[in-house]
Amino acid sequence: MAGFDKVVSSYEEAMAGLKDNMTVIAGGFGLCGIPENLIREIQRKGTKGLTLVSNNCGVDDFGLGILLPNRQIKKIIASYVGENAEFERQMMNGELEVELTPQGTLAEKMRAGGAGIPAFFTATGYGTPVAEGKEEREFDGRHYILEPAIKGDFAIVKAWKADRYGNLVFRKTARNFNPMAATAGKITVVEVEEIVEPGELDPDHIHTPGIYVNRLILGTFEKRIEQRTVRSDSE
Amino acid sequence: MAGFDKVVSSYEEAMAGLKDNMTVIAGGFGLCGIPENLIREIQRKGTKGLTLVSNNCGVDDFGLGILLPNRQIKKIIASYVGENAEFERQMMNGELEVELTPQGTLAEKMRAGGAGIPAFFTATGYGTPVAEGKEEREFDGRHYILEPAIKGDFAIVKAWKADRYGNLVFRKTARNFNPMAATAGKITVVEVEEIVEPGELDPDHIHTPGIYVNRLILGTFEKRIEQRTVRSDSE
Amino acid sequence: MALTREQLAQRVAQELQDGYYVNLGIGIPTLVANYIPEGIEVMLQSENGLLGMGQFPTEAEIDADLINAGKQTVTMAKGASIFDSAQSFAMIRGGHVDLTVLGAFEVDINGNIASYMIPGKLIKGMGGAMDLVAGADNIIVTMTHASKHGVSKLLSNCTLPLTGKGCIKRVLTDLAFIEIKNGKFYLLERAPGVSVAEIISLTEGELVVEGDVPEMQL
Amino acid sequence: MALTREQLAQRVAQELQDGYYVNLGIGIPTLVANYIPEGIEVMLQSENGLLGMGQFPTEAEIDADLINAGKQTVTMAKGASIFDSAQSFAMIRGGHVDLTVLGAFEVDINGNIASYMIPGKLIKGMGGAMDLVAGADNIIVTMTHASKHGVSKLLSNCTLPLTGKGCIKRVLTDLAFIEIKNGKFYLLERAPGVSVAEIISLTEGELVVEGDVPEMQL
């Protein structure tokens, strides 16, 4: 790996250096746009005591949910969880710490973490359990709370295409939290469906510049669908 | 104009409602990507007492500089100014108020204004004249200052292409401050080089979604170059 | 007669205006999309990063990379745009969405709303609901007026953990359309065949009834 | 002999490492791009929204929509990306740029830098300089060691309004390469043919000279 070539050849190499008790920020919304193979590599490594930052926590046998049976997650910061039984069991038993965070605040916290903003004010959560212990302040007659940024030791990201320099393009709503996650990791690891040569992506269409990306790996994806809703062809 | 069609047919219509003493946020960096015709329309209208928010203030006879001779600008919030003589004269005489703001802080203030964030902490400007009168706070041993957001009564924006719904695509470094400006105006007016039908722009490549855009007009542009630097063909 | 889910959606749909950008929550609010009045165009915002949500896909169109905030497979309408979650919530929190429709467990006379958590029972999280109620000026809450056991959900004070404080101005229940102002509920409309007396009896918070209260037109 | 502008750029270029993302300020820093060592690739960030700045365009290539932070027409290098100003400064302020090189009027022993304003004389603004010095860990300031009249610019305390406080660790002047730590200047290297005594005489802030000070290799 020389210069700006970020491509690594194995998932082991991709997640090298991940250690117990680290914080990992993951892209994805539900099961859409999740770094499914990077998550599997974390499962395989058996790293424990992790703090996960992700909008959701997957389902029983897919996504971040697969890190639950072996108790690899100590804490999760998420907006919506509990789509699986093991999650609820661990949460109810106090084996898993859950910090519920409004979805927009979560996205903004990741962005702030990557952008050198240690904290920002938001109206979201004012007067709710989310505001507990946080500074409140009025601006122009409206109430806001101060939210701190989030940074991760690792960020794990799923993109559609990348060039070898780590410039990323996302596809449809699989974009979601991935661009913010990519900015907020000390080490940002990205898995993609296709890797092209530098210069092949239109510079105006790059969603995440390669400066945020440390490692890049080509993967194959199951892309499981959570709610398969269809209309009949005749409608 | 029905539904989501944002297209207006005259510059007069585009800037209708602009009144004395309003705040106008303008996209552009130097003379690149500036809404040159919308600025000319403000000149033509003769609106006075304006607070302008823009990275720069144009040159003597192009860009925001053309609003100076008639004393239309009361105050400018910018990171780098004074590329023209009339600007310096008015500033030195106290006829023009100048609030120098670091470039990154300026971009972030516009974004915050559009995103419902009333204020954020940044390390930029700590310990400098920019910090005067602002709250200072330490996070993790580093010093930061609290910067308020900026909103405008109008935002004036230059994009490359748009569909009739106001979805915008920018071209090369003419993007600069335009996407943030677009989010921060109560009324956001955009001029473009080409208008296409909805559905013709790839949804994954839209830089600014139409929800931020109130009025759209097709223009022709001089695109003056400030520093024409070239290499010889043989290099 | 209490409104059905479909009738609730129908009544909400009457509040739509041409050119509105609308965020519809999960459940009854989602149904509003089925009752958009003739001659009116709205664009649906889905907070996972889609403006211009279309109908469900055909089998052939299904795309795992294209879902809505309810995690359902969807399509894109003409003129749709895709963006990341920070941009999506910049729209929502910056007040750019014209109308937000969402469900609730309870609302109260101060415009407080509880909709995301029942301690000890339902702790799945607030998703985007706290952002939606804090960011929007124009919100319609849809809910049942009271529990099956006749316990009012329109209260003097919410009893459940709040989703937002002082942010709700309009509530459509299966019995009534209500405005919240000055620390009181105001009865605007009643469901067809539902009496004012019944609404009063099922409203725990102070309810103001002024003059004849019209029936909803559906 | 004091270093020329080109030699200053050459010495800075020796600090480049393969794979570095670099922001070069206007003036001498810009020249660094001409001395990138063999076998090393760097990408130049231009804070107006371009990562991967290329060389100047030919007459035929000139594009008014493609300029750098100095407002000069430029081209894009292979693998370049374009982004808006908020994203550009997220990179800078978030500490993602590996090396920043910029000029200054004064620096002092506490790592303070003054580079943007001479009250009553030059009030054009800080542009991106305050963001660059606050956001980067790895900064090299290039400047002349003293004025034409022999007035030192390496001070105990900056006299001009600050661009940043406590953020400068390395300064390359036309006479010396200096590190700032523990509230002192440390002399690392001297320009070829420049004596330690001369550097001491032109440095107002406390200067530590340890052992033999090597000459710069250019």
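Labels for the chains are A, B, C and D, by order of writing; each one numbers its residues from 1.
Throughout what follows, a residue touches a chain if its C-beta (ideal position, glycine included) is under 8 Å from a C-beta of that chain, and two chains touch if they have at least 3 such contacts.
This one's a predicted model, so the numbers in the text were calculated from it and none came from an experiment.
By the document's definition of touch, common neighbours of chain A and chain D comprise B. Judged by contacting C-beta pairs, the busier of the interfaces B-C and A-C is A-C.
Ranking all chains by how far their C-alpha centres lie from the centre of chain A, first place goes to D.
The geometric centre of chain B is 35 Å away from that of chain C, both derived from CA atoms. Between chain B and chain D, the centres computed from C-alpha atoms are 28 Å apart. Once the centre of each chain is set as its mean CA position, chain C and chain D turn out to be 55 Å apart.
Counting only residues that touch two or more partner chains, chain D has 76, 82-83, 86, 89, 92-93, 134-135.
Of all residues in chain A, those touching 2 or more other chains are 108, 111, 115-117, 122-123, 170-172, 175, 203-204, listed in ascending order. Which chains touch which is summed up as A-B, A-C, A-D, B-C, B-D.
Contact residues of chain A toward chain D in the complex are 2-4, 111, 113-117, 163-165, 167, 183, 198-199, 203-204, 206, 209-212. Contacts from chain B toward chain D in the complex involve residues 29-33, 55, 78-83, 91, 98, 100, 102-108, 110-111, 122-130, 143, 160, 170-180, 207, 223-233, 235.
Across the complex, chain B is touched by residues 46-50, 55-60, 62-68, 70-74, 76, 82-86, 88-89, 92-93, 112, 117, 123-131, 134-135, 161-166 of chain D. Across the complex, chain A is touched by residues 108, 112, 115-123, 139-140, 142, 144, 148, 169-172, 175, 203-205 of chain B. If you check the complex, the residues on chain C that touch chain B are 18-19, 21, 40-41, 43, 45, 51-52, 76, 78-83, 87, 89-97, 134-135.
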